[in-house]
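Next come two complexes built around chain A: one with chain B, the other with chain C.
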Partner chain A sequence: MLEIPDWPGHVAGQHVDVRLTASDGYSAVRSYSIASAPNSKRRLEITVERLPDGEVSPYLTRELAVGDRLELRGPIGGWFVWRPQQTEPIQLMAGGSGIVPLMAMIRSRAAAGSTAQFRLLYSVREPESVWYRDELHSLSDRDHSVGVSYAYTRAAPRGWPRPPGRIDAALIASTTWPSKLAPTCYVCGPTAFVESAAGLLSASGNSPDKIRTERFGPTGDRQ
Partner chain B sequence: MSSQNYDYLDGNAAAGELSKIFAIDVTAAEGQCAHCGATGRFAEAHLYMQGPGVVARCAVCEQVLLRLVNVRQRVFLDVRGMTYFSFNATEP
Partner chain C sequence: MAVISRGFSGRRSAEAGKLPPGQYLTATFPVLSAGPTPHVSLDRWEFTIDDGKDVLRRWDWKSFRSLPTETFTVDLHCVTRWSKLGTKWEGVSLDTMFADLKTDASYALVRSYGDYTTNVPLKDLMNHQAWIAFRFEGEDLAPEHGGPARLLVPHLYLWKSAKWVRGITLMQQDKPGFWESLGYHSYGDPWREQRYSGDP
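== the complex of A and B ==
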């Protein structure tokens, strides 16, 4: 959770760049999706996955303490965003930690009292790797306008009807909006996931200009 | 799934760096590839960040659209891979 006195406000789906600078002047920049809904409190939540050989994430997850200062740039991005004025059905597809900006959209929907119909298809390796599990569970329980489906790629819970595996056309057909409803689709995850998921959405009849994507992965050093 | 090597990100990842140059968000900007003529949002371009700078390539033909390199105190921007780059002037 970050507090930014002069934060101009953000839209769900945007990200920030975090810059760390060492005492010798060496600096590294990484992009992190904003997980929190837009609010007036000048507070941001980002969710950081620690990469064992990362340059930035070990610091953010282990060393950083309450009261420390960070250099931020943002909010960034005006394409991979959901705004409460949108009333069409929304199809979200997350691969792993790609859930973060989509969670901001789900939270933004709730915060704004939107009645837009949301569906989320969330692909994870195993049940333990689900992020925001309780929040997603209570949201979809309380409000049937947010439908959550899971796809397990390595290990599924006992009794799960579908054997572990990647998202395929049958799963798209059974869990996502029919393309005739012309949903706007947001797909976020590692590049291989995004290419596969966006391809399946397109093959099932969704128009490519209704499919918005955000790819992430470990990035190289940037100045 | 194919064995293709997905070593790229997309235009969203360059937006912070490009915000040093452009006053308007680039991810929603539309560009036309000078090589194949495809048009698309910059957010959907394939982005390679492994080199000293960033290279954006057309998602259709993989030719270079844009290069951005920082050399000491100067920023070099090469956009000759696009015939145009069009921005929504009403949005920040």
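== the complex of A and C ==
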């Protein structure tokens, strides 16, 4: 959680550049998706996945302490965003840590009191790798217009009807909005996931111009 | 003014001197695009140069591939901060494609299958600075990397090197493309770190 006195506000789905500077002036910058909904408190939440051989994420997750100052630039991005003025059905598809900007959209929806119908298909390796589990549970419980489905690629919970495996056409057909509702689709995750998910959405009849993608890797998130 | 990050030393690479400011080296080839990957079949592929009114040049895949090609080795710099050095490509120089074309236009809007666009000053596409590439490291260019053919204009950030390219529209006045309309820099010189609109 970052406190930014002069934060100009953001839109769900945007990211920030975080710059670390060593005492000799060397610096490294990485982009991180904003996890929090737009708010008036000048506070920003980012969720950082620690990459074992990363340069910036180990510092942010191990070294950084409450009270430390960080240099930020942002908000950045005007394409992979959801605004409360949007009223059409929304299909979110997350692979792993790709949930972060989509979570900002779900939070933004709740914060704005939007009645837009959301569905989320969240693909994770195993039950333990679900982020924001309780919050997703309570949001989808409290308000049935956020439908959350999970896909497990390596290990599923006991009794889960679908054997572990990658997302496929059958799962798309049973868990996502029918394409005739013309949902706007937001797909975020590692490249292989995004290629597959965007391809399946397109094959099931969604128009390519309604499918927005953001790819996460150890190295960044944009064309 | 820089905020010093207590306890941060960072990881400097031996090749850092070859990198534009704010970039770091990667050995992989990350895939980044705004939407689904278009799959364009070669028998329907075409490339056109127009001036906004008339088509001035047109190639289908066969006539495009009968143009003389070049192999070239270039460094790639993505605005998301990764750089990849010494990548080998084969393609047709835009000097070849513009060889006998007279124009007084100063700008180009590069158009792609999937409706992606990006703007580049025409002079940045000339004089052996830009190619329509169809082979990467000896292999046909994979769809996720822009196959069958992509623009390569490696002295600018990689979003300028439009994937799935289908043509160029010549313009008298500059007009922002896709990312340039969404907060990214209009020119995008990695050595001047022109990432976002508002950067000098």
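The definition used in the following text is that the second predicted complex is superposed on the first by the 219 of 223 C-alpha atoms of A that agree within 3 Å, B and C clash if a C-alpha of one lies under 4 Å from a C-alpha of the other, contacts with A are read in each partner's own complex, and residues count from 1 in each chain.
Just so we're on the same page, a residue touches a chain if its C-beta (ideal position, glycine included) is under 8 Å from a C-beta of that chain, and two chains touch if they have at least 3 such contacts.
Since the structure is predicted, the reported quantities are computational estimates derived from the model, not experimental observations.
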item	value
Superposition on chain A - do chain B and chain C clash or fit	clash
Partner chain in contact with A:Arg166 - chain B first, chain C second, else both or neither	first
Greater chain A contact set [chain C / chain B]	C
Contacts of A:Thr87 with chain B and chain C, given as first, second, both or neither	neither
First, second, both or neither for A:Ala22, with chain B first and chain C second	second
Partner chain(s) touched by A:Thr213 [first = chain B, second = chain C, both, neither]	both
Contacts of A:Tyr59 with chain B and chain C, given as first, second, both or neither	second
Touched partner set for A:Thr191, first chain B, second chain C, both or neither	both
Contacts of A:Ser174 with chain B and chain C, given as first, second, both or neither	neither
Chain B collision site on chain C, chosen from 3-11, 93-101 or 183-191, when both complexes are overlaid on chain A	183-191
Contacts on chain A seen with chain B and repeated with chain C across the two complexes	29, 31, 76-80, 191, 195, 212-213, 215, 217, 219-220, 222-223
Touching residues (chain side chain A, partner chain B) in the complex	15-17, 29, 31, 73-74, 76-80, 166, 190-192, 195-196, 212-217, 219-220, 222-223
For the chain B and chain A complex, residues of the former touching the latter	1, 4, 6-10, 12-13, 15-17, 19, 25, 27-28, 41-44, 49-51, 54, 70, 88, 91-92
Complex interface listing, chain A residues touching chain C	19-23, 25-31, 55, 59, 63, 68-71, 76-80, 191, 195, 198-199, 201-202, 208-209, 211-213, 215, 217-223
In the complex with chain A, residue positions of chain C that touch it	2-12, 22, 24, 26, 28, 30-38, 78-82, 114-116, 144, 158-159, 163, 178-179, 181-183, 196
